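Labels run A, B, C and D following the written order; every chain starts at residue 1.
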Amino acid sequence: MAVHAQPSEHSTHTSTGLSNAKLGMWAFLGSECLLFGALISTFLLYRGKSLSGPTPKDVYDIPYTSVSSFVLLMSSLTMVLALAAIQRGDHPKLRVSLMATALLGMTFISGQVYEFTRFVQEGLSVRTNLFGTSFFVLTGFHGAHVTGGIIMLLSLFGMSLDGRLPTEKAEAVELVGLYWHFVDVVWIVIFTVVYLIPTGK
Amino acid sequence: MRFQRPTATTGWWSWATTVDHKRIGIMYGVTAIVFFVVGGSEALLMRLQLARPNGRILTAEAYNQLFTMHGLTMIFLVVMPLGAAFFNYMLPLLIGARDVAFPRLNAFSYWVFLFGGLFLYSSFLLGGAPSGGWFGYAPLSEQPSSHMIFYSLGLLVLGISSTVAAINFAVTIINLRAPGMSLMRMPVFVWMTLVVSFLLIFALPVLTIGLFELFFDLRFGTHFFDPNFGADPVLWQHLFWLFGHPEVYVLILPAMGIVSEVLPVFSRKPLFGYPVVVFSGIAIGFMGWGVWAHHMFAVGLGPVANSAFALSTMFIAVPTGVKIFNWMATLWGGDIRFKTPLLFSLGFIAMFIIGGLSGVTHAIVPSDYQQTDTYYIVAHFHYVLFGGAIFGLFSGIYYWWPKITGRMLSETIGKWHFWVMLIGFNVTFGPFHILGLQGMPRRIYQYAPNLGLNFWNMVSTIGSFMIALSLLIFFYNVVHTFRRGAVAGEDPWDGRTLEWSIPSPPPHYNFEELPVVHSVDDFWHRKYAEGEGGRLVPVVAGGSEADREVSTGDHGGGGHSIHMPSPSYFPLVAALGLPILCYGLIYSTILVIDGAVTLLVGLYGWAVEPSAE
Amino acid sequence: MTARSKAWLAVTAATGLTFLLSACGSSRPQDSLSPQGPEARKIDVLFKPVFWIAVGVFVLVEGLLVYALVRFRHKPGREVPAQVHGNRRLEIGWTILPTLLLAGIAVPTIGTIFSLAGKPAGNVLEVTVTGHQWWWQVEYPGLGVVTANEVHIPAGRPVYITLSSKDVIHSFWVPRLAGTQDLVPNRTNHLTIQADEPGVYLGQCKEFCGISHANMRFRVIAQTEDDFQAWARQQIQLPAPPGAEALAVMQQVGCGGCHTIGGVEGFGGIIGPDLTHFGGRTTFAGGMLENNEANLTEWFRDPQHVKPGNDMKIAPGGLPGPSGLSDDQIRALIVYLESLQ
Amino acid sequence: METVTDKDELAAHPGPKQYVLVALVLAVATAMEVGWYYLDVPHGLFVALLMFLAVLKFSLVALWFMHLRFDNSIFKRLFVTGLLLAMAVYLIVLTIFGALKWPLLVGFTAFLVVFLPIFLIVRARGRQAGPG
């Protein structure tokens, strides 16, 4: 979406004085709520309904996941700093923050890849049981969203290097930022509802 | 990568690369009508099969594919895109805008819709069309014999198209209204478009996840709906109907909007209780979220859930009834001219009342235990979606045709079309009520001769061919008047809304100067002033031109200096990626990569290309 | 013109109604409007009044519409009408009126929902029905009886049916005795049926369940208490073993792999219906066909042709298609099967 | 609804300092979550606390990093509509399935009961005014 919703399509005088692209992005995020909601509810519905193991308790590594959650959380900070930078017209700092955000995102993703492979080694795949099915598809779907965000961040970085991301186009960064933060808040919910609560004492 | 922008203004390429909302609207309309013919032919085949007991015209497998594709076609490839056609063409004209908020995104959603439809239909050549019903209940949908993989991917693609379009329309309405057009000065059709857009934005993701899970079950062996692994197949039903019920209002609200535009024009009275009609539309949109489980009364949700959903279902009838009463009050005391558009709107009201009332009878859960999954239900939703949506959309076609083509359709042929269609419709679907109550289940490719169902089935089949005839009459009307039809002029119906203030067909920049809006039905008030007691006083000749205001600081001068978004290849390229991707997901990884690359190239080119040169 | 159309509409409606009401059970064995038992009657007494209210509203509203169209149609020289923009009081009126009407209907509705959901009291017969693509397995846990596609019940006694499914979602519907209940895998639903009088009540699967959904039929056979008990007793007797010829054919076809025949060596299959008392049934093939020699002959020639998609693939090598059985072999089979009383 | 140009918005936006501050709170909240996880608290309380922290983190990111606190309220309305709609319908679905253990149920419903009325009022006011 953010890729579609270019500032170039931002009408200068609109009825509300707000940017089309930003309105569109928020509508899209509202719609995303129901998307992830459905996957999370599927996970909750099938909680403890698996006919065979492994169960969450068997495979989760909470300290590990906590760290990667923290990493994603911090990427939101660098993201918002990137926006602040371009709005101030500070392009070197913009590039640094964009790259930092992308790197943090990549750390999170590689962490997830490692987690998945470990789960598979411990005998949990999408086909094993309802837990495997609902867990992998939910978190994988989120991972795909993060990956999409990383691609957008990198292309913003590239555009900025070519000087095709002037200060007037700050909105492009803001839109990608909105998407990125949304993916982050979804993970906040997943971390609580999918990781901590099911296995908590 | 910056290659030459498309420059053609006529011919195939100009259509393939257009970002003009009017051209995209026309493409939506034409495509939808073509699919209407296809879906209709499927229906005729089914009626032939059911004309007599133990029909032998179709095999069971063929029949099941046909009724599945008939449902999918009529909902996703006919009624929704016909609505989208009017949204595209009319929305900017009605709110006094020059285009939609995201012109290229608009082209993208059309191409995705077209490719999605073709992808779905390609299944006929690739091992058989889906045969698990448009509702695709698990676990039947997961049996290989149901071919539901094309269903899951096809609807995912169509969902992308609709979501993108819905966001586009919502933003357009919120942001691109002419100066002075506050929300409560918008035409009702625009209001209904807004409600529909939000319904789609919030309802489609639910279906998307359902389809996503179904696809993973089919392709990657997950177990979302697999009872053998402890899954509960009812989950699919909740996801499906959580989308499916708002979808019903997505299908009917555009027609309601059209009717609300047509009635005032042809009774020469303002819409009775504009705020109430608007609010009831919004109310329907909201309440539409609280009734989905009335599709599942027989599943065994328990008496408490069934009672709750019975209540919510009954009370959604209230705002619907309010609309109908307001429409009748609009006609009341009017100066009613029975032009074809009005006839179709009246047909809508008359038929929709029947559909609504039968709807109430199966909100009564116990009687739904008898009626669910019988032809009584089939009757109900055809009275709502054909007698309702299709009649309403035809009303729109006859009403706006002069604006779109610059020529009038023939009134005489149009009236023939209406009467044959109305009678054919009732002869076809009226008997369904009786058949259902007398024990004919849905989705059966044959029925026993000893059930006493033979007579009304034969009647219904005859009726279905009358409907087909009425469509032929319509096509004759189109062909007959396309060159020879009377020239319409700007305002053939003495209309009330902004689109009638500009030439027919409109110039590609729509409005030379953006109008300034002072009230609902602004254009009408430029032509007529209201004396005391609401008596109308025509404004002095030429006055309508004289006192037209111009929003200051806007481009003028015959539209030459008006800057419109330029055509682009990239929406088409990006859209092309999706079906390739889907075939890949079924057949080969190479195609997946191919599709993904096409998509990304399209999006990238799109991103770096400015919307206008 | 419009007026005539609406008049015509009213006519169709009227004819429709007369047909609805003239509907009598005998000529329409699946008619939901002629209840033959208390459960179905509970629904009927709720539906018919609502139906007539709906008809009343229909006549009223369409009548008003027609009247408005006739009275206010355009006449030459008619001056432009008064521009009425709305009327708050009227609008509140026609919001509240339907609300009250619906509220009135809601009360008995909810009452009936709960009374249908409850387990019946008194001398209840318990039956378990399991849906298969595309036939019904019927068990009487209390009586040790297992049969298929025909539910024998004692007339005048409430029968509490437990519903579940082996494969996909089916739906159990005997219109004249009760409403629908779905059979959902991994779930058990319950439905009470009761017949006033002995007789045969046709039913059919209502939820689309695959290629032969249309052929998934069954019947409820209500008997007097004594006849029912006699039937049940007879169902637990073992029939005479097959003759050599019939046995040879059945072994060649491999019937035992899918079907159970009580007391016969190697016939313990559970994929298809239990055939132990096949001869005593009035129908076969999921209630699709009358149990007679002609139908059985056609069936054994090529089951797939008669009932598309069914599991009975008896062409050589267990494939679908013509079975290739000779007329003599088929006759032997039929003679034996009909002997299984 | 008042018309806000992008300039005004920018002026209203907080600077890096506030952002870092928010991030600190987020970090502490996450630390607390993991802490509670290892401390021995009754499950009901545990769930309630986690729900609370999740809501807190969610709102901080949404209100500050996504600027909902400073931007035009129409954005908030778009997003909150989706959020509450999702919570409402999925909650009902899970309740029908009987799949919600009571602490989750309590947590969610509390959340709805607190936020839904506010949201509805905001909407109603928005309706009367309407953008433009």
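As a working rule, a contact is a pair of C-beta atoms (placed from the backbone, for glycine too) under 8 Å apart; a residue touches a chain by one contact, two chains touch by 3 or more.
Quantities reported herein were computed from a predicted structural model and do not represent experimental measurements.
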Which chain has its C-alpha centroid farthest away from the centroid of subunit A?
C
Can you work out the whole-Å distance between the CA centroids of subunit C and subunit D?
49
Roughly how far is subunit A from subunit B, going centre to centre by Cα mean, in whole Å?
34
Compute the distance, rounded to whole Å, between the mean C-alpha positions of subunit A and subunit C.
50
Rounded Å distance, subunit B centre to subunit D centre (Cα mean):
35
Identify all positions of subunit C at which a residue touches two or more other chains, and write them in rising order.
none
For subunit B, which residues are shared contacts with two or more other chains?
174, 177, 181, 201-202, 206, 230-232, 234-235, 302
Check: subunit A positions touching at least 2 other chains come out as 15-16, 18, 23, 27, 30-32, 34, 38, 45
Work through the pairs of chains, note which ones touch, and then classify the graph as line, ring, star, complete or other.
other
Which pairs of chains touch each other in this structure?
A-B, A-D, B-C, B-D
Tell me, which parts of subunit D touch subunit B in their complex?
74, 81-82, 85, 88-89, 93, 96-97, 127, 130-132
Subunit B contacts subunit D in the complex at 174, 177, 181-184, 198, 201-202, 206, 232, 234-235, 238, 242, 282, 289, 292-293, 301-302, 305
If we count contacts the way the header does, which residues on subunit B are in touch with subunit C in the complex?
59-61, 64, 131-133, 137, 139-140, 143, 145-146, 227, 230-234, 267-270, 272-276, 298-300, 302-303, 306-307, 310-311, 314-315, 317-318, 321-322, 324-326, 328-329, 331-338, 343, 346, 349-350, 353-354, 357-358, 360-361, 363-374, 415, 419, 422-423, 426-427, 430-431, 433-434, 437-448, 450-453, 456, 528, 530, 533-536
The residues of subunit B that touch subunit A in their complex are 101-105, 108, 163-164, 167-168, 170-171, 174-177, 181, 201-206, 208-210, 212-213, 216, 220-224, 229-232, 235, 239, 565, 603-604, 606-608, 610-612
Report the residues of subunit C in contact with subunit B in the complex, numbered from low to high.
1-2, 5-6, 8-9, 12-13, 16, 19-20, 23, 27-33, 40, 42-43, 46-47, 50-51, 54, 57-58, 61-62, 64-65, 68-69, 72-74, 78-87, 90-91, 94-95, 98-99, 102, 105-106, 109-110, 112-114, 116-117, 167-169, 171, 173, 175, 178-182, 184-187, 189, 202, 204-215, 217, 308-309
